[in-house]
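Which chain is which? They are A, B, C, D, E and F, in the order written, and residues in each are numbered from 1.
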Amino acid sequence: MTKRLDGRKNDELRPMKVELGVVKSADGSCYLEWGNNTVIATVHGPRPIFPKHLANSEKAVVDYRYRMAPFSVGERKSPVPAKRDKEISLVSGFSLESAIQVEKFPNTVIDIDTVILSSNAGTRAAAITAASLACADAGLPMNGIVSAVASGRANGEFILDLTKEEEDAEDAVDTAIGVLMPQKEIVLLQMDGFVKKEDWKKMISIGLKGAEKVYDFQKNALLKKYPVDGDINE
Amino acid sequence: MTKRLDGRKNDELRPMKVELGVVKSADGSCYLEWGNNTVIATVHGPRPIFPKHLANSEKAVVDYRYRMAPFSVGERKSPVPAKRDKEISLVSGFSLESAIQVEKFPNTVIDIDTVILSSNAGTRAAAITAASLACADAGLPMNGIVSAVASGRANGEFILDLTKEEEDAEDAVDTAIGVLMPQKEIVLLQMDGFVKKEDWKKMISIGLKGAEKVYDFQKNALLKKYPVDGDINE
Amino acid sequence: MTKRLDGRKNDELRPMKVELGVVKSADGSCYLEWGNNTVIATVHGPRPIFPKHLANSEKAVVDYRYRMAPFSVGERKSPVPAKRDKEISLVSGFSLESAIQVEKFPNTVIDIDTVILSSNAGTRAAAITAASLACADAGLPMNGIVSAVASGRANGEFILDLTKEEEDAEDAVDTAIGVLMPQKEIVLLQMDGFVKKEDWKKMISIGLKGAEKVYDFQKNALLKKYPVDGDINE
Amino acid sequence: MSSINSVDLVNSKEILESIKLGKRKDGRDLLEYRNLEIKTGFLPSADGSSWVKLGNTEIIAGIKFVVGTPYPDSPDKGSMSLNLELSGLSSPNFITGPPQIDAVEFGRVADRAIRHANIINFEDLAIVPGEKVFIAFIDCIAVNADGNLIDATQLAAITALMNAKIPKLDENYNIILKEYTDKDISMNLKNIPVSITFDKVADKIILDSNQVEELASSARFSLGIVGDTVTSCHKTKGGVFSEEEINFMIDTAVGKYAEFSKIILDSRK
Amino acid sequence: MSSINSVDLVNSKEILESIKLGKRKDGRDLLEYRNLEIKTGFLPSADGSSWVKLGNTEIIAGIKFVVGTPYPDSPDKGSMSLNLELSGLSSPNFITGPPQIDAVEFGRVADRAIRHANIINFEDLAIVPGEKVFIAFIDCIAVNADGNLIDATQLAAITALMNAKIPKLDENYNIILKEYTDKDISMNLKNIPVSITFDKVADKIILDSNQVEELASSARFSLGIVGDTVTSCHKTKGGVFSEEEINFMIDTAVGKYAEFSKIILDSRK
Amino acid sequence: MSSINSVDLVNSKEILESIKLGKRKDGRDLLEYRNLEIKTGFLPSADGSSWVKLGNTEIIAGIKFVVGTPYPDSPDKGSMSLNLELSGLSSPNFITGPPQIDAVEFGRVADRAIRHANIINFEDLAIVPGEKVFIAFIDCIAVNADGNLIDATQLAAITALMNAKIPKLDENYNIILKEYTDKDISMNLKNIPVSITFDKVADKIILDSNQVEELASSARFSLGIVGDTVTSCHKTKGGVFSEEEINFMIDTAVGKYAEFSKIILDSRK
């Protein structure tokens, strides 16, 4: 096993830096630097939904938006959301719905906005990880925390948290996995690539372990801002 | 009188093939091949209209859509409806409104969707002919059947049911005519060209006879699926 | 002081020609030629606003639209409103709101539409001047009349009512000023340029005098159509 | 039309009664047009312009030539594009209402009544065949919408076109503003197109409906005419016509041709 | 799905009860697909076409090749673009309803299940490397939407692609209509991609849900499979899967591969 | 602003009373700005970036240079394009509400307060005069919207611009990612533009309103200042100003210039 370009071990995450409550007027918010990814997430709500016919009488509607700032990528991106952005918004919102006790807030909407300010592979995982912290910061009753990370392969190695350079490798495969912690239930799984099923099962398994590391980081961030006796979810 | 390129006589229609009830979840539907035109039509409704201010308290609103699939023409067509599509949708919907007993269903909408899957001149007539059958298949109470056909001139001859090649002739004129049958009332008439008025009157007259042939075909299709004693409109 | 290209004195307006009530179905209207600017303005309302949530329970909403016809400029302009058009619509509407007794018509909307048919610098002032006359023509209760004009600098001179050619001068500055008359209160002030503050104060002062000339013209137009004993605002 | 109110609906019933008796509320004969005024060339910025008043219906049309690329299937021809806008000037409802299907329909019919008349030699609008051609943009704005917008729009468009001048180009084929060539757009003046629109009200055929008559109309038929030649037609609304009615309208429209083509020709300055 | 009514909701509860007991209302086993019919090459205008019926779900796909410019980061490769439209044919609600987020999602998943399978040699779609390439537009229209649109769309798209012929070009690289080259689009036939979509209903994993079963589903998982290789995946809806469930679905999907890849291969004419 | 609720409206009346007495609720003087923080160069992907916090109002600006074609009337000059987005981050209402007329207005005013200050030599953004130029895209995102978005946006935009580096180009004039030339965008540093925005509340003139003060404001006036020179202005909202008030605001804005231009200059790294 050789070292990776940036010197990390195969199962090592890029450095993460987080700040909760950065956006004063939001109900909850989170600023996250994760390697060269920078993301900001806010939560507004729950509040009555309008127009009424969008309401669900059994639970809150989670409206999640994943956006890339025009200056977050190599060539300027149009501010108009692409199909990819819409797909990611949809599945990311579903992944958080499982973490929030949405059944407590029928007929309301919870708006979760994430904006990628700077990108370097793994942005959807970074956005979900930040959004999950913003939900906790908002004091929403939670079933757990969603911890997300990329797990994949590059240059013949199974590795966690790929960079853009690693994603561009000839044999690269990249799986975004979101895990409801501490339950270890899979709430997001997206991949494009070409990988034997046994190898891919291994990646998922590695991804689950990576999510635990992300979860530890998230717990620390929350405990730092909201010190409690004992652990937050246990 | 010389034969036409495809061997037809001047007053002969291209071969037609039809299937009713092809779309299981629609209230009525029709698949029609007419020469190299292929069209599918569905009817949904009548059902309450929303938003309410679009309702008409005296009759059902007929909402007709004529669409060309992107792959139905020579060069791929954008899926965004063009002005031509909107104009055809409007006048085709009006032509069917006269055939349906819309006054029996106030405050409702009847949605009629037609999609051209393959085109070779005469698509608006094919779409109306199929839509009219779909309305009958839906069991809507009807004043009659709309039978539509193109009548025109090419290479000095007055001919029925022009092909794309005939439409491209130097002297070509193409009139789309829709006729409420068996009443023989004109409900659609559209033409672009350059034709002496007496010649054009002749074309309209030929078109009316062509519509009778289309009507015969439609009656047979309906009788095949819904066998009755005697004729359907008489 | 040299004469201007078109022979005007520095404080002289271009010739103006006006007709009130030109659009029969509108509640008030005005057609104005001002130099090579041509503008038409209509007023509809006050009338109930829809959808209701746009209503203001304390006053009428003034909905002002400034549009340039595609053929009003050198190169054909797209009919889609640009950001500039939206900005001008917004501030022009605000300037007229101060002239109309909007508090008399709560929960209504007053629609003011202006279309520039031909342009040669100073179109936003021409549009407001015409719109203000259309409001009076509509019989709306007014606090005064908005008189608007451009005041600026070109070729070292402080001048009123610049032409396109003067606006293109190296040192040109152009200030659009709208004044509620006869109160002499400033309701519109827009400028782009590069001008020492004392010079600019002078231009504003000159603009206020120019607005008085516009006001005289407006009064005459109204008196011609609606002869009264004495002045309209005094 | 979205600006119709309940007063109009009452009027519409009266109109039905009146037309049954062969009379129109404003005293016109069934086949009589309203008063028509045309003013051309009044806009300094446009390459051609026209203001048409047909009763209370008013349309302003302006022309702008634009240098563009030809269509692949006609590389040596320029083209035209007619656009009608039902602006807030004529009714603020046009702004806040549903997509302007009326504007699309009326504009398309007016366009087709010009395009197929062979009055424009589109070859004369070519600049560098296969590469650069003029596109004549005809933008029409409804200033007042009191019925029969199709004929009024077609009149405004064709008279603005006949008033238009072709811009000069610099060596890079860019338009030089405010400079024009001598030639007009090669109007084939014996082919002046006229649009004639009928409505069927109370089973009578009438011409040039106003807005309230249009409300009472069950079927509409528009014809594009050049002399005794038909160049386009358009049947709309939910009602029916017999073959005899169609033939009557064709003959009537051809009969109206001389009068309108002269008015259009006279609009030239 | 916006066309669901209260009857469907009642059915959905019955379905939950039934699936808890390991049965489906239509008698299928939990991992059994509905009847599948595929008709290809039936559209004269398209470069390739397919009509897929999966139970009552019907998708029509048509191919058109367009000459375009390559992406800057792959100058010597053509590309593909898959678009799914939930048209008014299948439900008029799709027209009047909210933005078609379902259509975007289903189309994207079907696209990804083809794009990454290496069945197309995109180099073979280059015309002048760096300048001109073919873009294969795959337009899919939902004719009837009764569940599992992802798999039906992917089936329609891949069978239409395998039915497609590449157009001939003239010397200016314009497409000559209705003339085709001999070569197909260099399908790498051992890499036929199959899409397999699971739903989790009443804590059971089922395949090929119909519309009412989809209503009762808490989580969904789609896999793109080539042999024993996974080429794409997509988890959606608000529920969860355990690692064991994911592994079970992977194994099941790979197990279904032979059957579906043969059906797809057999659809070639 | 669409996120105002009834609590805000009550506050707004208190604020009116308070300002009548010459006091602001947060203790500021009438002409005093809130606390200002600027962080630049914090985004690895952008060519320049800035995060401005003005009280609770926060704007992030990022720069991207794009190679484009010059405007026909200035063939040897590059250009800039400033865009403000009131994103869901600051209020979800911005997403679901009416067209963002506020964002258009605020962005336009901030743009004009930079464009006319002559701080950028647009000639230096030319690559091949007449053919290829750099366009500087300045995208601003409102992270928190608590009043005075115009000044905050202008501050974010100009400090991001002054932080920006110009990309290197390859021989085909394509941008080489992450490689930059030495030169900055030729900022004319004695011409640093400052935006100063006044509101009229209870007949008093105040600076740097927060969101609730803006609710109570009857008229607003924004000035773009360079030294003792005015480069742009914008009067908005339905109220009036006397000539004296205008002159007072001009003098006050010029008086604030030194303080803000130093802050902007100091933001350079």
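Following the convention adopted for this analysis, a contact is a pair of C-beta atoms (placed from the backbone, for glycine too) under 8 Å apart; a residue touches a chain by one contact, two chains touch by 3 or more.
On a predicted model such as this, the values are computed, not experimentally measured, just so you know.
Colleague: Touching both chain A and chain E: give me those chains, sorted by label.
Modeller: none
Colleague: If you take the mean of the Cα atoms for each chain, which one ends up farthest from chain D?
Modeller: Measuring from the centre of chain D, the most distant chain centre belongs to A.
Colleague: Return the distance between the CA-based centres of chain A and chain D, expressed in whole Å.
Modeller: 58
Colleague: Using Cα averages as centroids, what's the distance between chain E and chain F in whole Å?
Modeller: Computed from C-alpha means, the inter-chain centre distance equals 47 Å.
Colleague: Of all the residues in chain B, which ones touch at least 2 other chains?
Modeller: Within chain B, no residue contacts more than one other chain.
Colleague: Which residues does chain E have that touch at least 2 chains other than itself?
Modeller: Nothing qualifies.
Colleague: What graph shape do the protein chains here make by touch: line, ring, star, complete or other?
Modeller: Ring.
Colleague: Round the ring, starting at chain C and heading to chain F first, what is the chain order?
Modeller: Here the ring order, chain C leading and chain F following, is C, F, A, E, B, D.
Colleague: List the residues on chain E that touch chain B in their complex, please.
Modeller: Touch residues, chain E against chain B: 42-47, 49, 56, 58, 60, 62-64, 66, 83, 85, 87-92, 95-96, 137, 139, 141, 143-146, 175, 177-178.
Colleague: In the complex formed with chain A, which residues of chain E make contact?
Modeller: 101, 104-105, 107-109, 112, 115-118, 221, 226, 228-243, 246-247, 250-251, 254
Colleague: Give every residue of chain B touching chain D within the complex, in rising order.
Modeller: Chain B reaches chain D through residues 62, 83-84, 86-87, 90-91, 94, 97-98, 102, 175, 180, 183-197, 200-201, 204-205, 208.
Colleague: Would you tell me which residues of chain A are touching chain F in their complex?
Modeller: Contact set of chain A toward chain F: 23-26, 36, 38, 40, 42, 44-45, 50, 63, 65, 67, 69-76, 79, 109, 111, 113, 115, 117-120.
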